[in-house]
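Two complexes come next, and they have one chain in common, chain A, joined by chain B in the first and chain C in the second.
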Partner chain A sequence: MTAPRTTLALLLFAPLAFFAAFFLAPMAVVALSSLTTDEGGPTFAHYARILFDQYHWDVLWVTFRIALATTALCLLIGFPLAWYLVRIVRWRSWRRACVILIVVPLFTSNIVRSFGWMVLLGRTGLVNQGLMGMGLTERPIRFLGTETGILIGMVYILMPFVVLSVGNALAKIDTALEDASADLGVGPARTFWFVTLPLCLPGAVSGAIMVFALAVSAYVTPALLSGGQITVFSMLIFQQYSSVFDFHYGGALSVTLLVLTLILVTLAGRIGERGRRAA
Partner chain B sequence: MPPLLSIDAVSKSFAAHRALAEVDLAVEAGEFIALLGPSGCGKTTLLRCIAGFLTPDAGRIRIEDDDITHAPPYRRPLNTVFQSYALFPHMSVADNVGYGPRRAGAGRREAQERANEALALVGLEEMGTRLPSALSGGQQQRVALARAIVNRPKLLLLDEPLSALDLKLRRRMQIELKHIQEKLGIAFIFVTHDQEEAMAMADRIVVMNAGRIEQTGTPEAIYRAPATRFVAEFVGEPNLIPLEPAGPGRARLALGGAELPAASGMRFAMARPEDIVLIDGSVPDDVATFPGTVEEVLAIGPLTTLFVRCGAAVLKVARLGMSGAELAPGSTVTLGLRPAALHLIAE
Partner chain C sequence: MIARLLIRIVALAALAYLVLPLVVIIGASLTETSYLAFPPQGLTLKWFGVLFDDPSYVSAFITSTLLALAATGVAVLLAVPASLALARYVFAGRAAVSSLLMSPLVLPYVVLGAALLQFGNDFGLARSFEALLVGHVVIVMPFVLRSVLPLLTPEQRALEEASADLGGRPLTTFFLVVLPQIRGGIVSGALLAFISSWINVELSIFNTTSALNTIPVKMFNYVQYTIDPTIAAVSAITIVAAALVIILLDLLIGLDMLSERQQP
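Coming up: the complex of A and B.
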C-alpha cells in the first residue's frame, strides 16, 4: 500500500514546520543578531569582546564549576535514591508515593522553590536553626550569596531528572543477570560493579546530561540564591537582553554558552559510550 | 562416599503457599536428573534452593560433605543455565563465557582461552566477538550453556532451558545436551514440564506435584509403574480401569470378565494405550478380551489412537502407523489385554 504523495508530504512537512518555527527560527535569529552590528553589517566584534575579556572567562568558570558540581551531587544522591525506589521498596503504593514526591516539585515554579530555599537557608532560617540547635555550629553559617547555597538549591531542583532516568534504567535490568553473576562465583559488590552499574550507565549519562544542560543555563535559582554576590553566565545574558537591550552582544553570549555546553555534553556522551563498551 | 548432592527434608513456603514440603533427594555424580511436574509444583523453587537464590525454611542441602543450606550462591560449587539465559547484554559472547574465570582471577588471555574451549564444545567458536543480541535463540541457549560449564562444575542446574525454542530445535538440543552431559560427566538437574523431554534425556526422573515428590525412578519405571494416579496421568496417556473387589487378594476389572490378583486398596489397573490390542481371530491364552465400540479415530501418521467404549469406560488404543485408521466410528471391535501387563495403582 502506498500513501498518496500529498499525504506523505504533509506528514513530513508538519513536524518539520513545527521544529523550524519553534526551535530553528529563534536560534537563527539569536545567532544572526550575534553576528551583526547595529547597522546590520556582519561582524565578529561581539565574540571578540567576549573571548578576549578575562571577566567572561571567570564567569564561565564559575558557571561550569557550579553545573559540574550540581551534576556530580545529583548523581551521587540520585543513584541511591533510585536504587531505593526500584530495588528496596516492596510496597507498591509507597513506591508510587515516593515517585509523586519526587515529581510534584517539577510542577511547581522554580521561583517558588528557590524562594523557599532562600527562607530555609537564611541567617535565621530553618537550616541554621537546626544546625545550631544540634550544636553543630556556634554562629549561623552563611549560605545565601555563596556557591554552596546555589548548589543546594540547584541539586534539589534538578535531582528528579537523575532519579527518574537512573530508576528507569535500573527497573529495566533483569535481576536474573545479577543472579547469573552470583551463580558464576562473583560476590554482590563486584556484581554491582561489573553488571549492574554498566547497564545503568546509559540512564545515568542521559540524566547527567539533562542536569548539566539545565544547570549551565539556570537563571532563577542562582539569581535568587546568589544575593548579588555571584554571577553566572545566564545572568550576563539576562542583563544584556533586559536592561542594556544589546541583542547583538546578548546573542553572542548565548551562542558562546550554547557552543561550550554542546562541546562538554558531546565529550560526556563519548565517555559514556566508551565506558559502556569497555565494561 | 556421600552422594554428590543430598537434600534432606527441605521445606519452603511463600506466605501461606507451601512451595516445598519436606523434599528428599540424592543425586550421584554424573547423573542426569529431570525434575518433572506441572507449573507451580515446586520444581523451580527446589532448583533455586539448590542454587542458593532461595533459602529453605527447614531442611538441609549438602554437596558431598559440605552443608551449603545457607551458603550464598557465589560460594556454591555449581552453576546454572537460566530459563531466560540471562546473558550479559553489554558483553561479547566470549566475555560472557569468560566472565566466571576472569572474575575468579584468571588473566585476560587465560579467560579467553577457556571461553573459546567452552564455546567450541557447544559449536559456537566463531561467535566469540558478537554481542548476545546478535545471536538467535538457539545460539543464545548454547552460550548460556557454555558460560555455565566453563568452570567444569560437578553439578549443573538447568531451569527449563529449552522451553523458548521451537519444537525441532528443541529435539535437536535435547540430544546435544545429553551428549555434552555424557562427555563432561557433569551431573545435570534439569527442570522441565515436558514429560517427553524428561523421558528422552534423564537417567532418573523426579515427578513433583504440589510441593512434594510423587515418585523418583528411571524413565521406564515412571512410565511402566507409576506410583500414583498423578504420575500415571502426567507421564504419557494412561488407561485407568477401575477395579472391583472379587474376594480376598483378588480384584475384577470393571470392564467385566477378567479377574486378577490384587492387594486390597488397589483402585485402578493401568494399561498404556499400546498395551491394548485389537483382537482379530484367535485369542492367545493369557489375553483377556472384551467387546467395545469405536467412538473416535485419531490418526497422526506414526501413530493411530482409537477411542473405544467398553461399558462405562472409554479406552485409548494405540497402533503403529495408520493401521486401524479405516475403522469407522460406531464399528464394534474386540479388545485384548494381558492382565500381566497391568499396573495397579492405589490412588
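Coming up: the complex of A and C.
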C-alpha cells in the first residue's frame, strides 16, 4: 500500500499540471499584458481607457441588459414548462419525448440554432409571414439587428438549462409536504409560495446562474442576430484579438468581463445559498 | 384549474419554440431552389451532395471529429484521477482544487480562447491542432468530473475497501471494482464532453485558420456573409447527428431525469 499522501499526489499531479499550464498560465499572460505597455512597463492605461470611456459603459449596459432579460425570460417560460413536465404530464413516454426535445437543441451548435432564427426572423421569414397572416401587423417587423431578435435567440438557446435544473428540483420534492400544507388548511397559492417555491429555489438559482454567465459572455448568437447593429462586450474582445491585435487592451477587456462574470456568479450563488437556508 | 390550463399552454408553446428552428433548418435544406426557402420548394438531397464534394467541408468535419475525440480522451484520463482525489481525500486546498477544475463551466469561452491565442503566440503553439486541443480539454473536463463525482459514494467506497481487505492491489481494485462502478458516469460525461467540443465556436475561433478549421467555426464565418441551402444542409446533418446521439444516450442511461418522483 502506498501512503495516502503519495496516492493523492499521483492522482492530482496530471490534472493540476494541465490546468496550470493551459488554463492558469494563459490567463496570467492575459492579466499581465493588460497591465503592461508595449515596452513592458507597468500601466493602468488600458483599464483607464475602459473605465473613463462612455462607449464601454454603454456596451456593458447593453450586454447586461440582454443577459438579465434573457435570464428572466428563461425562468418565466422555463418554470411552467418544467412544472408541466413533472407535475402535469402523466404519460411517461410523452415526458421522455419532451425531455429529448429539450436536450436536442443543447446538443446542437449555437451557430445552427442562431441560423435557424436568422431564417425565421427575416423580413420574409415564417414569423413575419405568420404575424401578417394573422393580421397582427401590416408591414414586416424588423427583428434582425434589434435587441428583441437577439433576445429571442438567446432565450431559445439557454432555456433548456433552466427547464432541466428546475425540473430536477421539482421532481425531487416530496409531495407529502404539500399535502401536509393543504391538510393544515393552507390554500394552493400559499402552499406554492411558501412550500413548493422555496424547495425548488436552489434548482432555479443554479439554472439562472448558468444562463446568466453564458448570456453575458455569449458571442455567436449576438454576432449573428445583431447584423452588426448591436455590440456586446465579447465582440469588443474578439475585435481586439482578431483584427486590431492590441493584446494589452484586449487583455484588459478580457479581465473586465471575467471579473464581472465572477462577481455576479458569486453574488447569485450567495442569494441561492440564503434561499436554501431559509427553506 | 385556470392556472393548470395556462401552464399547459405556456409549456406547449415553449416546446414549439424549441423545436421550430430545427424543423425549419431541416426543411430548408431540402429545397430545390438555390436560395433558402421554407417551406421548401420541391424536395431534393442535392445540397448534401454539394457538401460532400467540397474538400474544405470534409476536412473541417475530420478536424472537428478528431479534435472532439482527442479532447474527450484526454479529459477522461485527467478527470477520473481528479475525481477520485476529490471524493476520497480530505486535504488542504481541496475546495480550491475543485473550483479550479470546475471553473471553465462559468468562465467566458471568448476570454479563454483569446488567452490561449496570446499564450500560444509566445510559445509558437498558436493556431495549431495542439492549441485547439488543450483549450478543448480545459472546457470539457468539468463535464466528465461532474458526472463521475456523484458516483463515488461511501457505499461504493465500502466495496473498494472490501477488495483491498481481500488482498486486491490498488490498480487491480481500480480496474475490477471502481471502474465498472463509475463506467456509466464516464460514458455520459464523455458524451457531453464530446458534444461540447464538437459544437464549440467561441474558443476555437481564435486558433483556427482557413486550412485548419472546425465545422462550427467554418459555418460561423460562412453564415455571416452568405445564407444558402448548403449551410442549411450542414446544419441539418448536425441536428440529425445530435438527435441520434441523444436517443442513444436515452436508451443507454435513460435521460428522463424528471420522473424520479415517487408516485403516491
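Methods note: the second predicted complex is superposed on the first by the 262 of 279 C-alpha atoms of A that agree within 3 Å, B and C clash if a C-alpha of one lies under 4 Å from a C-alpha of the other, contacts with A are read in each partner's own complex, and residues count from 1 in each chain.
Convention: contacts are C-beta pairs under 8 Å (C-beta built on N, C-alpha and C of every residue); 3 or more make two chains touch, one makes a residue touch a chain.
None of these values were measured; they are calculated from a predicted model.
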Ask   = Who wins on chain A residues touched, chain B or chain C?
value = C
Message = Per the contact definition in the header, classify A:Leu199: touching chain B only (first), chain C only (second), both, or neither.
response = first
Request  = Look at A:Arg113 in the shared chain and tell me whether it touches chain B only, chain C only, both, or neither; answer first, second, both or neither.
outcome  = second
Task = Check the residue A:Asp183 against both partner chains and state whether it touches chain B (first), chain C (second), both, or neither.
result = first
Ask   = Does the superposition put A:Thr6 against chain B (first), chain C (second), both, or neither?
value = neither
Query = Looking at the overlay, does A:Val216 come into contact with chain B only (first), chain C only (second), both, or neither?
reply = second
Set intersection of chain A contacts, chain C complex versus chain B complex = 174
Residue ranges of chain A touching chain B (in the complex, touch as defined) = 174, 176-177, 179-188, 190-191, 194-195, 198-199, 276, 279
Message = Which residues of chain C touch chain A once you look at their complex with the stated criterion?
response = 4, 6-8, 10-12, 14-15, 17-22, 24-25, 28, 36, 38, 77-79, 81-82, 84-85, 89, 91, 97, 100-101, 104-112, 114-120, 122, 134-135, 137-138, 141, 164, 170, 195, 198-202, 205-206, 215-216, 219-220, 223-224, 227, 231-232, 235, 238-239, 242-243, 245-247, 250, 255-262, 264
Query = So in the complex, which bits of chain B are touching chain A?
reply = 51-53, 72-75, 79-80, 82, 84, 86-91, 99-100, 103-104, 147-148, 151
Inquiry  = Which stretch or stretches of chain A touch chain C in the complex?
reply    = 1-2, 4, 7-8, 10-12, 14-16, 18-19, 21-27, 29-30, 33, 77-78, 80-86, 88, 92, 95-96, 98-105, 107-113, 115-120, 126, 156, 159-160, 163-164, 167-168, 170-175, 209-210, 213, 216-217, 219-220, 223-224, 234, 237-238, 240-242, 247, 250-251, 254, 257-258, 261-262, 265
